[in-house]
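Mind looking over this structure? Questions follow.
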Amino acid sequence: MKRFARSTEMTLLVIGIVFFIGLVIASGGDLLAANSLRVLLQFLAVPILIGLAQMVVLAVGQLNLAVGAIGGFAAAAMGVLMADHGVSVPLALLIGFLLAGIVGLLNGVLVVLTRINGFIVTLATMTILLGVQYRLVGTRTVDAYPQGLKTFGAAALFGVIPWIFVVALIVAGLLAVMLKRTVPGRQLLASGGNPIAARLSGISNDRSVIVAHTLSGAILGVAAILTVASSPGVNKSIGGDWLLPSFAAPIIGGALLTGGSAVVLGTVLAAFIVRFVDTARAEFSLEPSWVNFVVGAVVLGSVVLGQVRTRRQERRSVVKSPDVAVAGGVS
Amino acid sequence: MTAPVSETATQALQEDAPIEKPPRGAPWWANQRIGLLVLVVLLGVLFGILRPAFYNQQLVIFPLLRDIAMFTVVGLAQLCVLSIGHMNLAVGRMAAFSMMLTGISYDLFHLTLYSGLLVGLVAGTAIGALAGWVIARTGVNSFVVTLALDFLLLGLIPLVYTGLTDNAAFVTKPPGMRELRNYSLADVCVGNVCGSPAVPQLALFAVVAMAVVGWIYARTRLGRELLMTGSSVKAAELSGIPTARRVITAHAMSGCLAALAGFMLAVSTGSIKATIGEEFMLPSFLGPILGGTLLAGGFVSIWGTLIGTALTSVIRKGLDLLGVGLESLNIYLGLILLVALSTDRVRTVLSERQEVRRQ
Amino acid sequence: MTLFQASEIVKVFPGVRALDGVTLSLEAGSVHALLGENGAGKSTLIKVVTGLYRPDGGRLLLDGREVSFGSPHESASAGIGVVHQERNLIPGFTVGENIMLQKLPTSRGLIDRAAIRSEALRWLAELELDIDPDQPVTELSVAQAQLVEIAKALSVESRVLLLDEPTASITPNEAALLFRVVEKLKDDGRAVLFVSHKLEEVFQICDTVTVLRDGASVLSGGALSELTRDQVVDLMVGRVHEALNLPDRTVDTSVAPILELRGVGTATGHSEVDLTVRPGEIVGLYGLVGAGRSELAKALLGLDRITAGEVLVRGQAVKIRTVRDALRNHKIGYVTENRKEEGVFLEQSVARNIAVTIWDRLRKFLGYVPAKSETEMVKSYVEQLGIRIASPSQHAGTLSGGNQQKVSLAKWLAAQTEILIIDEPTVGIDVRTKDAFHTLIWDLAANGLAILLITSDLPEMITLADRVVVMRDHRIQGELPNTHDYDQMSQQVIRLIHATPSTLGAA
Amino acid sequence: DSASGGAPKDDASTGTSAGPVTLKDGSQVKLALIPGGAHPYFQPWKTVAAVDKADFKLGDATFNETGEWDQGKQNNVINSLAAQGYNAFGIFGVSPTDINSTFEDLKAKGFAVGSLASCPAGDTNAADFCLSTDVEAAAYKAAKATIEAIGGEGAIVHLTGNNVDSNTQRRIAGVKKAIAETNGKVTELPVITDIDKDLSTAQKAVADLLASKGKEIKGIVTTAYNPAVAAADGVASSKLPIKVVAIDDDAKILSGIKSGGVAATVTQNPTGQAYIGGWLLALLQSKQCTMKTPGVIVDSGSFVVTKTNVDTYDEERKAKTTALKTEFEKQLSCQ
């Protein structure tokens, strides 16, 4: 517990709660109305998932630049299958999900086989998938798919908690359990934390990398399903804006770029905070420029101010050298 | 200048110490940079055969070189922070910010072309230094700090543009800007000897940037200390390198180069506008990393950045000329990149094998 | 009974033939020593045996049957446990998980935390370690981390246990605990391989020995009882090894101390630290692991806040803020104990590693550093310290531990410091190099350098120091003049360490 | 900034010909139509390029959208096409403030250049002509349609794209103008910009807007594609009585008009732009004609489409295209 109190998660939780209360007051309580809450949560589902998809690869010390492209591609595939080829909803969603997972797997395999930097591999797959997505939908917006799916996308538990948000939370929960409590999950984190040590302990870093990328693809598959279900249609712009938020959530949530950290809760909380910023924008009718400016200024400011306490620890750790930290990279 | 070590100690330490077997240098063809260069040349020849227009000096080579020059500078801007193991996600926005000030200096203060550029470079250096200062002071990951800075600038820049201009762009062109866009080395003559009309004058900026950055990293204390900081901050700190100051320097250099790249973009497209640099981020990483610069820090390659940038630009240009439509363009682009790099990788592995076999 | 055998093993790396026909056999119920100088190939052999490297020649036999391991996982399943030379814990994992990493207990598909805890506790208890299995490993000290690794190797309950320099960073007390465990394993009929540069330990616990030289076994499976220490050393070195013979050296006590600490307290918890070092003097700072000696050194360099007392350099009270400040303005250098992370830049050339402190001095206009003056400077130190390199552009990471340590020292010599703090200079360094280092340190002092020597190696301390200062729990326990008599000194030092404040007062 | 006003009235002293102009020989003309990037708006251009080629017997006609909304890339595409022998360019400039430089370059090399679907920012147009929707007028019409749909009273909000684009600024001005004409009966909430990058962003922005201000809003006028799609969908699912006026006539939006989810849309005339533009460029490049006033700006028309005229608006548009041809014939001096 004491550790939790000092953790990034705790800080985020406090910031999130303060922010939310502020918003509720500013909206004169309107934000607590069922509809407002539902809208707030509705658009959290996908950001949470893309943050998690990135977090998983960050956990093995890799990057996935193709998050948006995988999601967009899978969404386009599902949309086109349903609208143009009359494939049934469950089958189309399954195919889309599998495609995303397979692309993730492919990313992992390519990184392992070619030993090219994951940055470049995912950049290349991103480029390819953007092409495929365009080829699938062109400039259209595909929306001729069964109403049932859209109904699910808009449905909410008690009229407040959207089902797609529940799905995202379930995925987050499963991922947390997987990373904290299963052998493959632990092995994945071990590979990220100290690949050499992991290898010496009989863990295959290659397998961890592949597992991480595949998981990332699969999570993006779910994100794509939720997007198809909840958006007015699918076009080539889907996924176009996922890359930066996918990094922002886990990194604000406390993930290390060098790997080894599993911050499911942090990622989810960070996604909440980012979402509150959107809500604030609508609430105060802010110009997006001001919103960006304020977000940037606040993050920079809090980073500068928040260091007063951490600074000393920071300095000590530079000096004290935890003997266990070994540089990342995949062996 | 010898160390205070006596003959006896020296002897004790040296006695029949067999030199560890010298690692034989890898064959030249295993060198990553050379591999990439060969690839660029091969692709150039291939595209030239398929479309002779590829060698059109005015319409293909000239803009191609202008692009390569600009993105090389963008790559160098990222390379400076990669050298210490950091990232600069605000590289494009720093360019936009600097050019905004350059634009103001042209529009409101009627500065000349180069004094305006100077204003931009100073602004870029300052904003980069700010990022570096925050990172050094707080120890927060450069990714987070530059991302936050990116947001801040993303907000600030449109506010200024919409406040100061009618069209969200500074359209005042100081004398010389138009010329710089179109002039090639053919317009630079020494006596009767003129340069090639295929080489844009703008490319000279990249040459200067490469020379300066290359000189810093290869020849000066600063460059070495940056690389050492990138290799291991702890060891650098304990070896008396002022790591905090180096972090600031690296980011300041990055900002300065971003500003230069922004200027090159502004000159080559025509006006100074808020969206300058939006497309910089991915290429800024792609060039250096393809060229062998390490994401983790400690090793940079200036030539590699140029060649890496050239590779992507040449592929794109070739596909353009082949008339590949948007349905296939990105697919081919990604595939060629993957295949090219995989073969590059296979080559390295083969050379290592061969070397082991030789022993 | 021969449990495990490796015969005629060959392993080639690009540029070096690390193993060139090594034969090793391990008997059940016996402890086998694997000896050799730095870079002889000991660790490489262990990595081949555990499936980390694929051998380029030779065979491995387990129970007389030929085996080949594709990965460490396979060797572990076959019953081979190992403690590698490098520290290999996963940051962010708890002590318990690290110990049980190779076979995480699960129940119904999920990791069984209770089982991890109880299992880990069992192995920690075996080593008499009082550590909470739920503690993150990042909070451990160097020695604790080392012991956790040993616990990790034990937890596999292997029939063959390979220990690569397990005692390099632990105190004699902790080592004694380890040896008790090794004895127990031996009595259980397991085979243990023990790699160490501390020959006293080797003679204490090992039965048989294999000696490697330049990647080949020069002695394979000899009984240790039939060999003398000198014979073993000669085998390792490949010629007759002369005992260390240090010339006389006297300290001029009339000279004012060049470094003086008066009642210094630090942010990390030191208090009332008094210490003086004169030019030409070697002051030994002894203490158990975690006593706070390295931290004191770092506080002196401005890496930690000094909260009380004063530091005087050449009689002047000073405030040192950074290492650069210490180096440039006060000529103080610090050779770190953690050479892999703080001492050398593994991915940089040897030349740059050494020259890093002198660029400041060599630089010309605009910070230009002429390559020529740099290489000359580097060359002279490479020669003087006998650093074994193929070329100055070789990466430091490819050097053996001993040579890395020389590089780490060389940069401070190059910097022409006058006060040098040397922290654990010979951890993991072979006998011959160790002797050379001792000569070197001795020599530096004879030439007027003031040296503060931090070491947990008591023989080393007693060989080199003029005075021994003992530290415990961030306080100075007392100070002893060194008589260079091992038996007497060691007793006095140990007594001083364990003296309670009251007995100190009485003394 | 009234575009069509810029055309000088036909004057006997300036022209040698008026009346129908037919292209004599287009075989030397290779026409390239270059949009800013992939966008549904430009899809008709693709077919029109082929029609141009057939109708005017051009040497070649192509459509290339690989510029991907980046002025640098678009310039590259243009240069590549020029290197391959294309000599007449109909271009939608990605960056209105930069595109004049590109036009100048092309003119300097002796190519015929038309600015299609968007005119350069500022007062000059370096292309031979600009044939484009007057974006301010179109936005004005859209706002008018919205005001009409909400019954002339209440608050409306304007959703649009990239704030730092001169066309966006013109659109914002057009909407403001229409609102100002109501003398305060209609009010405008702050404009929401920068939500055209992708559909999800637009959708989120609309949902947040409706959640926080849904009750105040009577109408939404959109002047960018993704916000239009998102607004139509968002309003329909929120069941609020808000009138949405969209832009363009993508299938998705037309179906919205038919189903009633979208009150009106303002369509432009991409077909006319490409067809007339192609014809003009061929005339200019084959040196058969020259512009009397180089750089003339002509409005290609914008049309309010509601449920009532959804099936017939295309006729109106075709008529406009024919009219455009006549209008340009007066602008030409031909041999």
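Residue numbering begins at 1 within each chain, and the chains themselves are lettered A, B, C and D in the order written.
What we mean here is this: a residue touches a chain if its C-beta (ideal position, glycine included) is under 8 Å from a C-beta of that chain, and two chains touch if they have at least 3 such contacts.
This structure is a prediction, so every number in the text was calculated from the model and none was measured.
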Neighbouring chains common to chain A and chain C, by label: B
Relative to chain C, chain with the most remote C-alpha centre: D
Geometric centre distance via CA averages, chain C-chain B, whole Å: 42
Rounded Å distance between chain B and chain D, as computed from the means of their C-alpha atoms: 38
Centre-to-centre distance between chain D and chain C (centres being mean Cα positions), rounded to whole Å: 74
Chain B residues counted as touching two or more neighbouring chains: 157-158, 162, 234, 237, 326, 329
Sites on chain A at which at least two other chains make contact: 134, 138, 287-289, 318-319, 321
Residue numbers of chain C (touch at least two other chains): 303, 341-342
Those chain pairs that satisfy the touch definition: A-B, A-C, A-D, B-C, B-D
List of chain A residues in touch with chain C within their complex: 177, 180-183, 186, 189-190, 193-194, 196-204, 260-261, 312, 315-316, 318-326
Contacting residues of chain D [partner chain A, same complex]: 38-40, 42-43, 163, 189-190, 192-195, 197-201, 203-205, 207-213, 226, 229-230, 232-234, 237-238, 250-252
Footprint of chain D on chain B - complex, ascending: 51, 53-54, 56, 58-60, 63-64, 67, 70, 157-158, 161-162, 166-169, 171, 178, 181-182, 265, 268-271, 273-275, 279, 316-317, 320-321, 323-326, 329
Interfacial residue positions of chain B with respect to chain A in the complex: 134, 137-141, 143-145, 147-159, 162, 233-234, 237, 282, 285-286, 289-290, 295-296, 326-335, 337-338, 341-342, 345
Contact set on chain C toward chain B in their complex: 12-17, 39, 56, 214, 239, 247, 301, 303, 322-324, 326-328, 334, 336, 341-348, 352, 355-357, 359-360, 362-363, 366-369, 371, 377, 380-381, 383-386, 388-391, 394, 398-400, 403, 406, 411, 413-416, 433, 435-437, 439-440, 442-444, 446-449
